[in-house]
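Note sheet for the following structure.
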């Protein structure tokens, strides 16, 4: 398929490279243009408008503001580009997903929310878990792209925001797992068992899953750089979850604790480290260094 | 080996049956005697004192009070019984483990804390994860028993209380996982995605581990009876974790949220249900039934 | 002085009436015009622009959105009106206060943030506590107005947003007092002492202050209608405090608890009741009706 | 009246001195005897048993353990002493109050729980607020003593534990007020307003009450030594409130936050400072020193 790709951060590059490798024709655009270059089979284009056309366009940007800047302020939806479908794969707010759904409806462009679970190396390998919601026909039509990028596409019906809610709920659970490990390690450490010793047991038995293994390894080693999933980005996702929870009338006390902990981590200089650095907050509160 | 077994609840019966099956000679005692009967190869004895002798004695009781009643008030340690080792496998407080270590030291009986992870069916299959701490020689000597009951024995040094700290930290993480799923499901439900639909994705991908799969299935089905791990027992474990955390100077905000949620669950009549019923608290707070 | 008054809700009406009573000439505007009528000495004008001129203009609106709608989208700052000073007395976000400061700077109109503590009856009596920050000369010039409306003007320097931070911190403390009373009453009630019996002691001794007496009386009587300070409005203020706390890198665990409790209250139908209805959340969680 | 006084800490000394001054005959005992000496009109006695007789005996000890050590382990209730009434004025657990009620019932000695609000200087001035519950006749009979020590006796019926529940609820509210001030000050400070500037407004207007004024002054000055009400003692009271809340099925999220904060304060070396040092936790979490 002929696909435009907007947003060539680490995730976007991995996904675009994979699409090209699987035989799709990719036109890529990024705000800082160098990030769009150097991938075999991926053509860097000079404007977002040049990317916003063809069989499909994929957006993969850092946050609501970045997506709105390109799409809404940038006027793409009022332009000449008529992509066959817009796959919004960024982790954005439920509220923005609702707004985008309305705007695309008026513009007559099918919109599918399709955020993903998986880190950049998983993206390169085409093994993402893709969470998709939007018009069935649009998702069906985009299947060659989704199949190229993902191990599986999980479908959540025709209302795009549902996919975003699922993504935010998943990231909330992920960050909650980090906090739980952080508190548990500070606790065992206070009784003479290092976090590494404790997590060796947990992450190889009843918690043997990718989230616990990956983040647990960082916590056990107390190594938080370079960041895989940046702490500041995680704080944004918790904020989005809290806002969407409030919109749905759902209090989330764990998410509130995460919010407070992440702010504390940032105030102590860990905003640019890996999300797993949240585990240091529990240690510090307990008087350890 | 010739082993006494004190405490024939659901876990204890599974473990004793497995020991007998693996060729050990088991003398079993339980406060209500019928529970000690009817297992092939397991001899019911009439008093705790008759169990408290031989190569080893294993205790597997519900809580601190039950263990203290039998062991301390019951005067076992002052009696004639001189078991080769006492394997304390109950989930008890760190403080009681310290006290038992001191008392056994004075009585000249080796004491090993050896709590376990795994449900009754896992105990029957001899696939428990056993967390052991105590004198090396004592643990080595008990290896035939530990190997019969467990898939693996995880050793945490010579100070018994460490094993108890590890067990409490693990149960804390388990209950935190339930709370995280509960909040996340209430959240997605508020945006049109059922808990079952959401957890299908999570527990088969980045959270694919026994804890999430087992408790997630109960939460997805909203089926909390019969209890596997009773909610009231879970509340006790959180209490023990908070106390031991305080003793170590470690604040645990997630554990505090769990405590509040579990009290709320009990006040709404769910104390005798499965621990996974904690997930209903988030739904109720959000105004759902 | 010749003063324009924008926003004639219950607080605004009380303040405008007081200004007129003290001899000031008041031009009042409200989105729904009937609210601007019927006050002796207050002239209803047909547009916000007619109010936005003279010696001073006062805005007293419900929230950020309402203020921005009138002031920014409404184009007042680009219009011909050149009021001598703009006293922003609404409870708005710190971020909006910063934005308004910049915009007024460009427009050459002095801007003073001057939110207040006190209910409508206190406003009518001219006994508000006014929290003012902005250019010294501007505050000095507005003194006749501030003195008419307030028992005292508390000055916090030349940076307007400081006054808003103080106001939000004060409202946070107020709502925290309600939560503390709510939990305490649910607690004593669980031990046979009614909230009314308990609060009689507290609010007449070590907590004998207006906040505890006023809200305590409502909690003691469990009478939450009609609302003095609406719960939904209080939830907004907590949200603003959390946002401004995050901007300053300050975690606020009490505010997080308040947020969760207020969402729960709204999900149970209490959004339009008085803020003191937050106290019912603790009772309900404890299984009481 | 002829009264024995057990426990001559700072509060006890103030109360005993006041009783003597008002014409009562006081026999005082303290574990470290020097504390019982040197008060005009107060006779130091050599054993608790010598104090435990006469028209009335008052106990004013640090905690449950201290009271149980003297009263239960010390065997006072099995001794020859038959005081006309026992006024238990210590801040103890609801559970211990229930136990004491039962024990005294069997011993045939009237027991009244009568904890107090007020610091040592208030005790010396005879201006305490006394919270009394127990047999009406016993309280009536002790009126001359209660009137000497207190500004007012607040009566909560015949079940002694109710007075203890009220006392714990009051202390919970007091510590919650400190936390609220602490978070609010960290918040305003992050926006350029010192805690002192902020609290000057609050504690002189809508929060003008003894609790806010006293603790607010310490927080504003960031002066936490010497302690009036020690932080470690406050942590104990929160623990008692949480336990009694759990017994009554009442979750108390604010109390949970206080618990976590107080543990953090102790882990950072502030256990022996004044309770108001809890306010430093919020500052530290926000990255300030």
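For reference, chains read A, B, C and D in written order, and residue numbers begin at 1 within each chain.
Heads up, the rule we're going with is that a residue touches a chain if its C-beta (ideal position, glycine included) is under 8 Å from a C-beta of that chain, and two chains touch if they have at least 3 such contacts.
Just so we're clear, the structure is a prediction, and the values are computed from it rather than from any experiment.
Centroid analysis (C-alpha atoms only) places B farthest from subunit C. Between C-D and A-D, more C-beta contact pairs join the chains of C-D.
Here the spacing of subunit A and subunit D, counted between their Cα centres, is 52 Å. For this pair, subunit B with subunit D, the centres built from the Cα atoms lie 38 Å apart. With centres defined as mean CA coordinates, subunit D is found 37 Å away from subunit C. Residues of subunit B found to touch two or more other chains are 245, 249-253, 257, 260-261, 263-264, 267, 285-287.
If touching chains are joined by edges, the resulting network of the protein chains shown connects every chain directly with every other. Interface residues of subunit D, counted against subunit C in their complex, comprise 94, 117, 129, 131, 152, 154, 156-157, 159, 161-162, 165-166, 168-170, 172-174, 176-177, 179-181, 183-188, 190-193, 197-198, 200-202, 205-212, 241, 244-245, 247-255, 257, 260-261, 282, 285-287. Across the complex, subunit A meets subunit C through its residues 239, 242, 245-246, 249-253, 256-257, 259-261, 263-264, 266-267. Of all the residues in subunit B, the ones that touch subunit C in their complex are 253, 260, 263-264, 267-269, 285-287.
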